[in-house]
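Given below, in the form of structure tokens, are the structures.
Look at the two complexes coming up: chain A is in both, with chain B in one and chain C in the other.
Up next is the complex of A and B:
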């Protein structure tokens, strides 16, 4: 079962899923981001370091989060993608939209 | 002539919990076929998982089980995904990669984009089958 650890740093929510980000876990990520926006934290970094399998459903949840944070005046960034996640981003041609930052720190510091 | 390196099979329940079993089956397959590269593992498991998710989402609400066969040959990887009843056409039409702002609909396109994969689906009196074949380059 996938777990989600969350911390808030400098008005940015950092979400760290552990396990698979797939058909089963995607709804929880959507919910976490939606609650964050509702609470006024509109910048989100999703740390993918411990995601051992990303599928199209997980990618869809990241796109949902990207759109909803931007609509609220913020942004969603991804960091520390594994080789598997990078292959998914490449095959779906989503690396321009969801740029994979090498670390959470890099994602936080990016302009 | 191709030689079987490892074969695993499981009968799985028709709900999302079966995805855990599917990934455990992948792990067993790779344990028995350590020469398969990480990229080949990723591409093959991604294609199989997307097809399985499609079956779970569109087919299994009507049925309660499916079967997964995974075989590592010395020159290719092969999967058979079988379920009762006919192939359900709904959900099989979206093979094109949707736009970058799409929040769903990438599953089959992603499976097809994982190179060297081929799919076929057929119906017989015992059910329907998807086959995924991934040629190993090395």
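Up next is the complex of A and C:
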């Protein structure tokens, strides 16, 4: 079962899923992002360091999050993607919109 | 059913044996009928019912034995094999000393009929490999495909070797079984009959003293009993010293494979509705998955119908997997469509990515499917279902398993399946290989425990009485061996009954009177007479037959343990367990060995004490009856005589004389 650790720093929500980011976990990620936006925190960093598996639904949830944060005037970034996640990102050419930052700090500091 | 025509069922001894078998049937039924209907002391039912049940058990045991004796004849010497055949001699080993294995290999190499010799080493020992190759023997071990899969012990070892060898016939030898050069010349001729799949020869051990303190020799079994089973075409494979026809084993493997695939498939199909329902719950609120699940559920329904129509299972599984893959791809397409929609709202970069996604969509879906990165993979129950829908038997080391793996005694289960497919077997009652028996009580007990557990596993998993393809006689002959291993419970009652009588005046029988003796004695005389007549002929070969009988009684605690652990294993998946075998010299003191048989020693102590109590009561005039006390004292004496063997066994320190 995938778990989600969340912390908020400098008006940015950091989500750290642990386990598989797949069909089963995707809805929860979507919900976490939606709640954060509703609560006024529109910048999100998803830390993928502990995600051992990413499928198309998981990636879909990340893109949905990107869309909804942008619409709310914020942004969603991803950090510390594992090898399998990088393969999926690479395959879908998603780096152009979802650039995989090497670390959470890098994602936070990026302009 | 008539006996195989090559078996001679004539001769004076057989006539008298049959007279005694018939008499024990008549007197035995008469006795048990009298016991159930006219002598049961129901006021003490809790001892009388167990006792009469134990007596009935013994009667059935005796009658099944008698049935085998009825056809315990002699085989005619077969003609030599009418063609040149290829033979593989296979020596199975796991951890036996390398010198011992090599001695067996050298004996195997000097078998005169042309053959190839292989050492099947489940211990993967480099030294043994080098020695084997140096002496021009084949060396076979398990490959990668067995890693993390059930090894199935000796059966798995042989199955592995069967896939990389090609001889028409296989002579199977345990690591310690030294074959005589003429073993193949004497036995291959039986295979002139194209329906013969197995020729079993006796197993006798050279490292055992004449009086056989551990009861290792089985002269009754490898003699009258196997000859009798042979008379009913049900002589079975005993693990070593047997020649098998590869074609028969391969047929067994193929039918077993198809049955296994079909069973798993049907079971999965039966459960598929529930699995899809659970998957739906797991994927609630995801429309793309919902439609995929609908498609999978339809695919399962069509598969069920196809199986019912008799479509080939290969086709059914192939079609099912194709549809699941398609449904799984659809979910990826749906996810990508959603992503494109999201991306397009993100301005130029997003729109560009979306366009690129669209252009390469097929390639992306293909690659994600290969990576198992489809959303359906998240639905674990569904994933398992799709995986079991395979004809590759992914859970096993190899798809084809010629030797049965349902039991730790693969030999009997394999033979039973061969008989069920219509193959014949032969017992060739001439000693053609000598082996080594366990050298101390611990090892001997472990070996007996394994045999009992293995036999009972077959009884519980593939009961011969219900097995299709076997004749009635074959069913009974297999069942006889299994029934025999249930004796522990009956023998426990036979020990407990006199104790209860002598101490507490508990009478399971209305009266231990003349009437009782009149019913019991004719049966005992007929039964024991038959036994003595059979043993006497065999005993001339200097192997005492009564030692085995003594053990089968004395080991009743071990038989009870075997029965209970096997039930726990078959129905609750518990491990079978081991007899903790002492290893070092210090641990093998007689005192330590006696600990292995403490239940017997406790039982003997109780029996002796009860006898004293009985005599004291008789002296004081408070015994229920004089005859009753004496009868029970004789009974105790017999129990003690049988059980006393454990003292001798515990002090036994292995064979010391040089090999003959």
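Simple rule for what comes next: the second predicted complex is superposed on the first by the 111 of 111 C-alpha atoms of A that agree within 3 Å, B and C clash if a C-alpha of one lies under 4 Å from a C-alpha of the other, contacts with A are read in each partner's own complex, and residues count from 1 in each chain.
Please note the rule applied: a residue touches a chain if its C-beta (ideal position, glycine included) is under 8 Å from a C-beta of that chain, and two chains touch if they have at least 3 such contacts.
All values derive from a computational prediction rather than experimental measurement.
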| item | value |
| --- | --- |
| Touching partner for A:83 - first (chain B), second (chain C), both, neither | first |
| Partner chain(s) touched by A:97 [first = chain B, second = chain C, both, neither] | both |
| Touching partner for A:63 - first (chain B), second (chain C), both, neither | both |
| On chain A, the residue positions that both chain B and chain C contact, one per complex | 20, 22-24, 53, 55-57, 59-60, 63-64, 67, 84, 87-88, 91-94, 96-97 |
| Chain A partner contacts - residues on chain C that touch it in the complex | 282-283, 285-286, 289, 331-332, 335-336, 338-339, 342-343, 345-346, 349-350, 352-353, 356-357, 360, 364, 367-368, 371, 373-379 |
| In the complex with chain C, residue positions of chain A that touch it | 20, 22-27, 53-57, 59-60, 63-64, 66-67, 70-71, 84, 87-88, 91-94, 96-97 |
| List of chain B residues in touch with chain A within their complex | 16, 19, 23, 38-39, 42-43, 45-46, 49-50, 53, 56-57, 97, 100-107, 109-110, 113-114 |
| Residue numbers on chain A that touch chain B, as the complex places them | 20, 22-24, 53, 55-57, 59-61, 63-64, 67, 83-84, 87-88, 91-94, 96-97 |
